[in-house]
Amino acid sequence: MHSDRAPLTLKLAAAGGLLFLHLPILLIFVYAFTTEEKSFAWPPPGLTLKWFAVTWHRPDVWEALALSVRVAAISTVLALILGTLCAAAVSRTRFFGRETISLLVILPIALPGVVTGIALRSAFSLADVPFSTWTIVLGHATFCVVIVYNNAVARFRRTSGSLIEASMDLGANMFQTLRHVIMPNMATALVVGGMLAFALSFDEVIVTTFTAGQQQTLPIWMLEELVRPRERPVTNVVAMVVALVTMLPILGAYYLTRGTDQVAGQGK
Amino acid sequence: QMTEIGEGEGQLSIVAWAGYVERGETDKAFDWVTGFEEATGCMVSVKTANTSDEMVALMNEGGFDLVTASGDASLRMIAGKRVQPINIDLVPSWSSVDDRLKDAPWHTVDGVHYGVPYMWGPNVLMYNTEAFAEAPTSWNVVFEETTLSDGESNAGRVQAYDGPIHIADAANYLMFHQPELGIEDPYELNADQYAAALDLLRGQRELVSRYWHDAFIQIDDFKNEGMVASGSWPFQVNLLQADNVPVASVIPQEGATGWADTTMLHVDSENPNCAYMWFEHQLSSNLQSDLSVWFGAVPSVPAACTDGRGMQTQEGCDANGLAQFDKIKFWKTPVANCESQDECVPYYRWVSDYIGVIGGR
Amino acid sequence: MIAARSESIGTRLSDMLWRRPAVLLVLLLLPPVLWLGIIYLGSLFALLLQSFFSIDHFTGLINYRFTLSTYAELFTPANFDIILRTVTMAACCTLASAVIAFPIAYYAARYARGKWRAVFYLGIMMPLWSSYLVKIYAWKLILAKEGILTWALEGLRLNWLLEAYLSLPVVGGNSLSVSTTGTFIVFVYVWMPFMILPIQAALERVPGSMLEASGDLGARPAQTFRHVLFPLALPGIVAGSIFTFSLTLGDYIIPQIIGTSRLFIGQAVYQHQGIAGNIPLAAAFAVVPIVIMGLYLWGAKRMGAFDAL
Amino acid sequence: MSAVTFDKVSRHFGAVRAVDGVDLDIAEGEFFAMLGPSGSGKTTCLRLIAGFERPTAGDIRIFGEPVADLPPYKRQVNTVFQDYALFPHLNVIDNVAYGLMIAGQGRKPRHKAADEALEMVRLGGYGARRPSELSGGQRQRVALARALVNKPRVLLLDEPLGALDLKLREQMQEELKTLQRQLGITFVFVTHDQGEALSMADRVAVFNEGRIIQVGAPEDIYFRPEVPFVADFVGSSNVLPAALVARLTGENCPAAIRPERLQLAEDGPVMARVTGLSFLGLTTRVSFEAEGTRLTALLPQDAPRPAQGDLVALTWAEGDLHLMRAGL
Amino acid sequence: MSAVTFDKVSRHFGAVRAVDGVDLDIAEGEFFAMLGPSGSGKTTCLRLIAGFERPTAGDIRIFGEPVADLPPYKRQVNTVFQDYALFPHLNVIDNVAYGLMIAGQGRKPRHKAADEALEMVRLGGYGARRPSELSGGQRQRVALARALVNKPRVLLLDEPLGALDLKLREQMQEELKTLQRQLGITFVFVTHDQGEALSMADRVAVFNEGRIIQVGAPEDIYFRPEVPFVADFVGSSNVLPAALVARLTGENCPAAIRPERLQLAEDGPVMARVTGLSFLGLTTRVSFEAEGTRLTALLPQDAPRPAQGDLVALTWAEGDLHLMRAGL
């Protein structure tokens, strides 16, 4: 067993798996350039850039995008606060019910989205909460907490507890310690967690359909467009741009956690 | 009940069937919303529903002003007090409504009107003209396995509607082919009749690859999935033909089920003034005429066929079934204490049994 | 100056928290516990409550009286079929995901170095985070009867192979996009990336010496895989399967776009809630995945899968 | 004056009695070592002094002042952590200057003071490096400088040499001792290495199971253990059971005898069988089995060596047999 | 017969010459130690024997048979890994029986053999435990049993005692030696601890930078180092530079003298200043500075001790100054 050389079958299986993952996505990219508007002729009869211009001038796309960005941004901020607090509590102290807390945090992502969705939906209707940006945020923040939590816990685990003690030992009170030691050490983990949470919220449909009422986030817009298309390539342009744009936080997360033992985006 | 129409509230939200409320987004020529908005200042938003059940659910949930409910939904909403009585005196064009619709039982209860008729039409048999050398004459092409004129079986190439109301289509078929069952009304079935209809549908399950649920998905399936025959609405036929897909439609010998839709006002509507403005608009403007062309339906205002306010013509109205009113069995909600016999299978059983049939039970 | 600083509010508050660490703990935990406990658990509880109501079948209005009849409805053959079908699908997808994900995770964990590491990372993350809807739609284009797969197979003159497969009962159909196989493929495609990272994390924790020890004791590579590598990766697989299983269990968009029109639990919940307005039945259906995932999480925890999450 | 006093101090974690009724009195300027096996409560004692733990019972005073309500950042005590706990996001100079920054000193003066502290631990010129760019021994010295720059009155060190390899360790031991002598600060030093405790400390406290078993100067601990535990733990003395001692001396108590004081002889009070021999360079270690007791002798390089299995007589000089209390 | 032979074996990793032209001949039944500082290529040598690495040049034979094309699972060699590498998902008995299971033995007989192996390492009755429920020393013995149960002809041990604490370590050293003697298997033992190599091995190879510097019996290595590197590394001899040796003896080469052989005297060839003193229990370590060279002496407990800063004369017995080759 010479550990630096992979067997051929493994190489083939891994490459095959990655191809399986990527070819369908590339397809969408190709269709963003097709000249055929109504149906999906393959191969595309011709290629054009006009759909980018068309997309640019579609106000519904911009509205959906704005809502999605707003929802994702607010959810990310909430998730950052809640996830970090929870991670701090769980990793710094042992207390009764610690396990229960981590289970509670994992639950929204471990239970299917429909469950979260319909639960929130029925709670809204019982409590007579009208649909708004905030009802969407409520759902998104709930399952984004775990992303931040996972990243923060992993970082807390790596940052030795004695750092905090060292800081207090050197005269810093808890708030000074927070500012001078904890925050600088947590920063990249939180940025990574925040970026991943943003990406997760930005792409979420299943819970959103239940909590959005009549509002359209970008994924809901896409769902609508895919089913009742007006200009199909526009959907593909949006999809492609969204895919490329979400890659930025992912790449960022990679470069921020490179060389650490933690795999960014784990446990999404 | 309203007694007078005040200032418009500036907005109006409508639950409607796909294609029912167009603002020229799919085809610029078909737009009966922009004018309304300009005239009244009521900005219209539309929520598309695919089935009557969905409409009922949306209205139960609330937040909408109007709904274009079919007969199988309207009575449920009236019974559930989700819609309010309409003061027809506030709708000046009421008199122009087709007399056959004015007091139709699906929106009139104890003489009280609960809506304004919108549009009606048949559920047609849509077929692919390349698979069918001649127009099919019977619904059997979607109920029983046969070899089509292109030499291949219809198995896997037909669709059926993904809503429990499709049981009525089966009953309608049996009414013609098995008179011994004694079906008088496809929406009023006793246990035996109902069982026979389900059996027919179980046989159909073998032929159907996927049930259609959404008009646009059906359009896709006829384009990309090799579908050749299905119960459908004229709307899909029109759009497919516009895309040069070789399809046509027919009302076969068994007759057809159909829909007669009524615009109804939510009991808690926050925009009743705009809603009454819409009632008048739907009867008096180009809407009836253009929509009947666009959707392939029959206007509730017969004059719309001829008076040139929109695109529709007398021939068009005839083609869409103007004269067939009596042959169409309009959708209505099956209830236990039915009129034609002692006891009928109620709608909730239709719902769960149809899920079972699609699931292979 | 220093004395003044030391008595700043921060210091005094800090002193208090040092003397009462429990207060600090409570302050830290309060917001997340309130959020998750009230908003999330509260909603779940509200849902649970609804499942004990019933619906008036004619008006579609909820009858707020306690009853178990809604649960009884779950066990009608048609509904029970839905549950069985969904669980079977979730299990199959989980299995297939594990099989496909393992080599990728294994290669990434053990062999990918330097720039290949980045390539693998992005290669795994990109599909994981690119739009779910768009991926489903891409598959519809591929699997449709007139779709790309047919086109490609025609080019290769392999149509007969597809035809032969589609003629099989249960898994076949008129085209892949209206078959159970189609649903399966798309489920696997969409959720499989969730399996890779936990397996990779588990494999990265297996020290190389463990594999060498096995070889040293006479095991051929295949035996080492079976007796050492696989058992040690198992917690990672279980962690990943929490996602693949749960996500399949609850999805309603994929089977609606690709499949045979036979319902899955997610669709049942969605339709009963949104389309039929039967919230009690939808709630009862939603309790099914809660119970299944509850058992699953309990088992996973016992296997130590949470550490691999 | 006492630098640190413990008055019946206990720290229990649930059922675990980490520190259990400890009395302690560390004099100002003393180099004090806490020695004991793993889990015996040494670290917990140190953390009680620093303020990271609070006693469940008893009183702690630092320079006479009760510290029950004094958080760590208000104690004139600094700690060198076992894992150094250098701040990874700060470079060396900012690590060292951290305490001064918190105290509100300006950039210039605190960097100057930090530079001096670095000079003192012979790391002048390393200020700009990150902790990750230093070797273990260098990190240890940065941690030391970071603590010393605050001019604490007591310096706590928790196994500061544990992670270093043998050579570096011996070197650091000497440096620490020199430094303590220069500065005159009280050092409280935790270790589980007997040699380290003996070679560095003015006084040693031997811990076991949360209690202090014996406190005294290194020579006392080494040559005059009061109980078998100390004899065995500090320098691996041979412990003779009470029965054997009774036969030999008439006193009914256990006794200790150091391996290097056991001698092979023609004839002697104890007959033993040789069970093992190890060449250790400086000495040869011989293991025996005598009347059910395992004994070890260290023979000088030039002494004649017995062979495995030989039956030999063991003897010792008068004062080498050290009688102890029973118990532990 | 030779158990293992290396013929000009090299293993390079890119530019790193982990093992660089090593010739080696390990006799059957021998207890052979590889000693050297970190990174000197010991582990790589062991991995070459086990088959985890393949030489970039040279030939390896095991019992005369070339093993270039033999994967690890076909070599009659077993390894005790430094981190033990016990399978965490198997209990102790299944860990030990692993090799037998792979060899196709049934459950009964392999558990019986594993039980016997556990008895041999004095862990009878521990079979049902998980490795995580064992202490370090117990794990080490399980790893040993797991290797031995396969009846290898050569047993490779990579710093098997590295993680153990002092007491356990000494005990295990003796046990390993006893076991090797009983079984007669060839042991190849890697360590960077001089004492361990000297006390356990029949022969020791001292590594540095991928090469073997000296091979010989422990006494040879200890008392007769051939080069300063060996003198310094094995037992921290004082190395006197060639210039000083030239003045003292006329020979122009470096020389070694062991710390325990340096004596304080009224008068002597070298004058030195005392720079440090440490009580080590058994001895007192005194550091000196003499003509720019750091020297260390270990004085016996009863010798008179100088004070810090004293200027003293150092002397030694005739044969204690050991002349060496220059170089390394």
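Per-chain numbering from 1; labels A, B, C, D and E assigned in written order.
One rule holds for everything that comes next: a contact is a pair of C-beta atoms (placed from the backbone, for glycine too) under 8 Å apart; a residue touches a chain by one contact, two chains touch by 3 or more.
Here's who's who by UniProt: A, C = Spermidine/putrescine ABC transporter permease; D, E = Polyamine ABC transporter ATP-binding protein.
Because the structure is predicted, anything quoted here is derived from the model rather than measured.
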Distance in touch steps, counted as few as possible, from chain A out to chain B: 1
Chain C to chain E, fewest steps along touching chains: 1
Remotest chain, chain E as reference, centres from CA atoms: B
More contacts between chains, A-C or B-C: A-C
Distance between chain centroids, defined by C-alpha means - chain B, chain C (Å): 38
Distance between the centres, which are taken as Cα means, of chain C and chain A, whole angstrom: 15
Length of the line joining the C-alpha centres of chain A and chain E, rounded to whole Å: 53
Chain C: positions in contact with at least two other chains: 11, 14-15, 18, 147, 212, 215, 273-274
For chain B, residues that touch 2 or more chains besides their own: 61, 223-224
Touching two or more other chains - residues of chain D: 51, 71-73, 103
Chain A-facing residues of chain D, complex: 50-52, 71-73, 77-79, 81-83, 85-90, 98-99, 101-103, 146-147, 150
Parts of chain A lying in touch with chain B, wherever the complex brings them together: 38-40, 125, 130-131, 213-214, 227-230
Chain C to chain D touching residues, read off their complex: 1-2, 5-6, 11, 14-15, 18-19
Residues of chain D that touch chain E when the two form their complex: 38, 165, 167, 170, 173-174, 177-178, 192-195, 198-200, 218-219, 222, 234-236, 258, 260, 276, 278-282, 285, 287, 298, 301
Complex contacts: residues of chain A adjacent to chain D: 159-160, 162-163, 165-173, 176, 180-181, 184-185
